[in-house]
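Here it is, the structure, as structure tokens.
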Amino acid sequence: MSLRNCRNVKVLEVSPVGQLKRPDEFFEIKLEYPDWDGWKPGQFVMIRPAGWELDLLWARPFSICSADGDTLTLFVQKVGRGTGRIVALKPGDTVSIWGPLGNSFAMEPEIPTLLLAGGIGIAPFCGYVEQHPHPENLRLFLAHRLSLDCYPFAALSERVEGVCMRDDQPEDLQKIIAVMKEQIVEYAAKDGLILSCGPTPFMKTVQRFAAECGVRAQVSLENRMACGVGACLGCVTKDGSGHHVQVCTRGPVFWADKVEL
Amino acid sequence: MSLRNCRNVKVLEVSPVGQLKRPDEFFEIKLEYPDWDGWKPGQFVMIRPAGWELDLLWARPFSICSADGDTLTLFVQKVGRGTGRIVALKPGDTVSIWGPLGNSFAMEPEIPTLLLAGGIGIAPFCGYVEQHPHPENLRLFLAHRLSLDCYPFAALSERVEGVCMRDDQPEDLQKIIAVMKEQIVEYAAKDGLILSCGPTPFMKTVQRFAAECGVRAQVSLENRMACGVGACLGCVTKDGSGHHVQVCTRGPVFWADKVEL
Amino acid sequence: MNMNVSFGGLSLKNPVMTASGTFGFGLEFAPYGDLTKLGGIVVKGMSLKPREGNPMPRIAETPCGMLNAIGIQNPGVENFIRQALPVLPWKEVAVVANLYACDAEEFGELADILAGEEGIAALEVNVSCPNVKEGGIAFGQDPKQICKVTEAVKKKAGNKPVMVKLSPNVTDITICARAAAEGGADSLSLINTLSGMAVDIHNRKPRIANVIAGLSGPAIKPVALRCVHQVVQAVDIPVVGIGGIASAEDALEFILVGAHAVQVGTANFLRPDFSFDLVDELEKLLEEIGAGSLEEFRGSLELPL
Amino acid sequence: MNMNVSFGGLSLKNPVMTASGTFGFGLEFAPYGDLTKLGGIVVKGMSLKPREGNPMPRIAETPCGMLNAIGIQNPGVENFIRQALPVLPWKEVAVVANLYACDAEEFGELADILAGEEGIAALEVNVSCPNVKEGGIAFGQDPKQICKVTEAVKKKAGNKPVMVKLSPNVTDITICARAAAEGGADSLSLINTLSGMAVDIHNRKPRIANVIAGLSGPAIKPVALRCVHQVVQAVDIPVVGIGGIASAEDALEFILVGAHAVQVGTANFLRPDFSFDLVDELEKLLEEIGAGSLEEFRGSLELPL
């Protein structure tokens, strides 16, 4: 066992998720569990298929969805060449994997906690919900573009209160933003905690409303990464005082008032 | 139908051939037949799997073993990265293919013809034997390193007289050379024709004995190729007068007295 | 979309040209596509006298690229004019001659001979020969020589437009670009290959008989784009982008930084119909990304302030 | 096989070093391997004062390579000495400091500060800063400046060996190598990144905020090998090979052309245990190809006559 390591593991399963508008966009990937001592929701791994040889050089970062002693589960959206080749992996293929990487989401079991997910940003909340000792204190809000069954929303809303809104029509975005604001105001009123993960504009919205309402909020960033271990300085963001800090080691989770988006 | 073209075709079958000393070294590959008007034994194709993207850039040249209106058969030895990835292709995979390329072996049906093959150099003779109107005028000599069932020798020697010798022990090489010489002398005596394909040292031996005995002989070269169409000038050899000529278009078959090896 | 481009005395039906040395004399590719579909064909480098080129091996594969040291094997300009040019469809596609010589005078002679050939749309000047008289440094690495050679070609080229092909193996390519402009070049094409090498640890020999060779292919695209970007900013004459183009997206990247046209080199080896397909794909992609026109898109890169 | 190498004042237990900027301050890689297994660790470039580096985005993938414009983000030399150096196992692995400054004086100050540090095995001089006073051309592209900077560092370096890191973005790298040798360099390391660029045709912006960036990775290996080959022939001081090394075979290629050691850069991103594994693989491969010893193999390239 080891706190953190780099291993070659086998792919166990790659399955498309949901009825897709754009076919083959979301996938659940199961890998052999690397011999970690443990991991925390919000942490991520770097994955590089052995078959990539020299073109694409970089591994790709993915949030840990869940992991037990046998299996590590990821939830991957195909957006480019790298993810395209990752979701085409077959059982038995080998990938290099290093992790668990980065910090994790705050977990304050007694505090009402709002999970705000934008699309694939739902991934780290799978593990969060699973590991939370008082899921009754959690509410999950998902803003989604594709049909709901593309996301692991149903399974999660069995354990926690779930709210979802689809971003489909031009007018939807404003509605979503209005509801997000409402919810943030509500959690500010009850001195709650807000955790969020999603595309940058989504996080900026969270950051702005959280600041307006004075509620504690965390955002999880998805900057492009090369090393994943804090060495290359390619993934940095500005912290609250304008200093560049590595998202891979000092994040991916930041307090919303301590990061420039 | 077309004289020569570039097409995307599907892989139909990839099967390992023979009991192998080094496992997985020889493979028979069947591809969809591109819509050619015809082809001649000694000609070759350039193959580039669609999945290669940008690393490896060049297609790989292979002799045409046989081809009918449905299937094109190649015989591939795994020697490096490119052939390694070609023999790992699966049925249904797409490859770019252009051909048929190059000239072909002389065919003089009434003339006693000796086919000298060194290892994988047997490949173009499959088609030669098949298309020859008087196979009784042919004799095939194969010098082989691996066990005989790695090569399509058995099938060929049903149609033509077959002689084979294994290059296994250090002393074997000299024996093989002695027998080659004997045979070349024999065909010189009967004013025959000699066709050969194999590694460069093998061809040099053929060239030397043919010159000594004054018998007409052809050698087929396997220079490294980039374009396969005569454009890059990367595959050249020196012709009889010391000029560089493209192996891909002016060969791969040369009269032994009109080429510098 | 209207894909015509006119620049530096050339009129092309689209911006896709094939690069010298990778497309033979054109005819080699006729079985695989309609030559007249191309914007232009730059033929293999030619010299006054026939050249046998370098000894073998001459080519090697490298990560996402290749090395070559062909050594300008060619039948000489006279044989080109007699044998290759007449069978090219030069009335329907711009045929550009690529000139190779080892001093300014020889370059002038080549230009003089080609200036009278109706079938030639333009002259591309390849200044990659090492200048033995000046200590072995290649012409293309010495701004003074670039200017001098350009002048010599221009003087003899008559009404043929002159395109000077720049080498990336220099400290500052904009100085070379300005030298060519000063010498009277109508346009510039860049980049030629990067100087590189490969060795075999098993036989302990260079993989190329000439030892040092030219690197081309997708591996060099970032260097090529940087060079084109710098040169476009530095000179007023039009630029043709070359280096690692292996997709319509690659071609548009060069046009985005300001190239009027592109030349496809190594990618012709990916498959012999590559450049023909690229003509269609380029137009399709331009429409897909919502470019109003080729002109509107060209050079529209937004630089940070 | 004995994998020790001694050259230019450095003694390494094997020829595998990690390249500056790709291995952080070393500790980042401690979870993935035993740092003391490495021949040497070149830490992230450091300047006199802390630097925030360039704006984002700073990195982009390219065919078989990558671009970076980090802009030498670093905590400054004092913080390095106080915080990073003490926790590095410098007694058991050579720690090389990589110095970044924008004039010769500043370089001297850096050397002065580091000269007293027991934990530092050598100083590597990164001359990639554009020299604003001299018209913005980088130090590393101007032989006079290279010589001057090397002298300045040497003068203050006490008994620390000085390795000068050369840029490939020059017309003739041997002139730069000679300039560094003349300035008193104990060894040379090369190559730094090639100048490159990438753009996005969809948003019409450069992919890197700094616009121009450094190309590294397997794509540049042929250029790096050529540079090392040329420099080994040109100077008498030892050379460390850098550029695109992504396998034991790659590393041996550099040693075959004459490098005493190698630095692994971008390949550390392929997987964080890459350099640790390379140490074992290098020895194994040397034995496999029947090299008598590392010394026997080094520089044993057979050149054609």
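The first chain written gets the first letter, and so on, giving A, B, C and D; residue counts start at 1 in each chain.
Methods note: a residue touches a chain if its C-beta (ideal position, glycine included) is under 8 Å from a C-beta of that chain, and two chains touch if they have at least 3 such contacts.
Worth saying up front: this structure is predicted, and the values here are computed from it rather than measured.
**Q** Spell out the chains that contact chain B while also contacting chain D.
**A** Of all the chains present, those in contact with both chain B and chain D are A, C.
**Q** Using C-alpha centres only, name the chain that sits farthest from chain D.
**A** Centre of mass proxy via C-alpha means gives B as farthest from chain D.
**Q** Consider the two chain pairs B-C and A-B; indicate the one with the greater count of contacting C-beta pairs.
**A** Result of the comparison of A-B and B-C: B-C.
**Q** Let me have the rounded angstrom distance from the C-alpha centre of chain C over to the C-alpha centre of chain D, please.
**A** Roughly 33 Å, centre to centre.
**Q** Centroid from C-alpha atoms only, then distance chain A to chain B, rounded to Å. What do you get?
**A** 55
**Q** From the C-alpha centre of chain B to that of chain C, how far is it in Å?
**A** Computed from C-alpha means, the inter-chain centre distance equals 36 Å.
**Q** Just the number, please: Cα centre separation of chain A and chain C in whole Å.
**A** Here chain A and chain C have centroids separated by 47 Å.
**Q** Spell out, as numbers or ranges, the residues of chain A touching 2 or more other chains.
**A** 54-55
**Q** Using the touch rule from the top of the page, what residues of chain D touch 2 or more other chains?
**A** Within chain D, residues 63-65, 217-218, 246 contact more than one other chain.
**Q** When you draw the chains as points and link the ones that touch, which shape shows up: line, ring, star, complete, or other?
**A** Chain contacts: complete, every pair touches.
**Q** Spell out the part of chain B that touches chain C in their complex, as residue ranges.
**A** Contacts found on chain B: 2-6, 48, 54-59, 96, 98, 223-224, 226-237, 242-244, 249.
**Q** How about chain C: which of its residues touch chain D in the complex?
**A** Those in contact with chain D are residues 55, 62-65, 67, 137, 141, 169-172, 194-199, 201-206, 209, 211-213, 215, 217-223, 225-226, 229, 244, 246, 249, 252-253, 256-257, 285, 289, 300-304.
**Q** Enumerate the contact residues on chain A facing chain C in the complex.
**A** 54-55
**Q** In their complex, what parts of chain C are in touch with chain B?
**A** Spelled out, the residues of chain C in touch with chain B are 21-24, 28-29, 31-32, 44, 52-53, 56-59, 61, 63-66, 68, 70, 73, 217-218, 246, 266, 268-273.
**Q** Please name which positions on chain D make contact with chain B in the complex.
**A** It is residues 63-64 of chain D that touch chain B.
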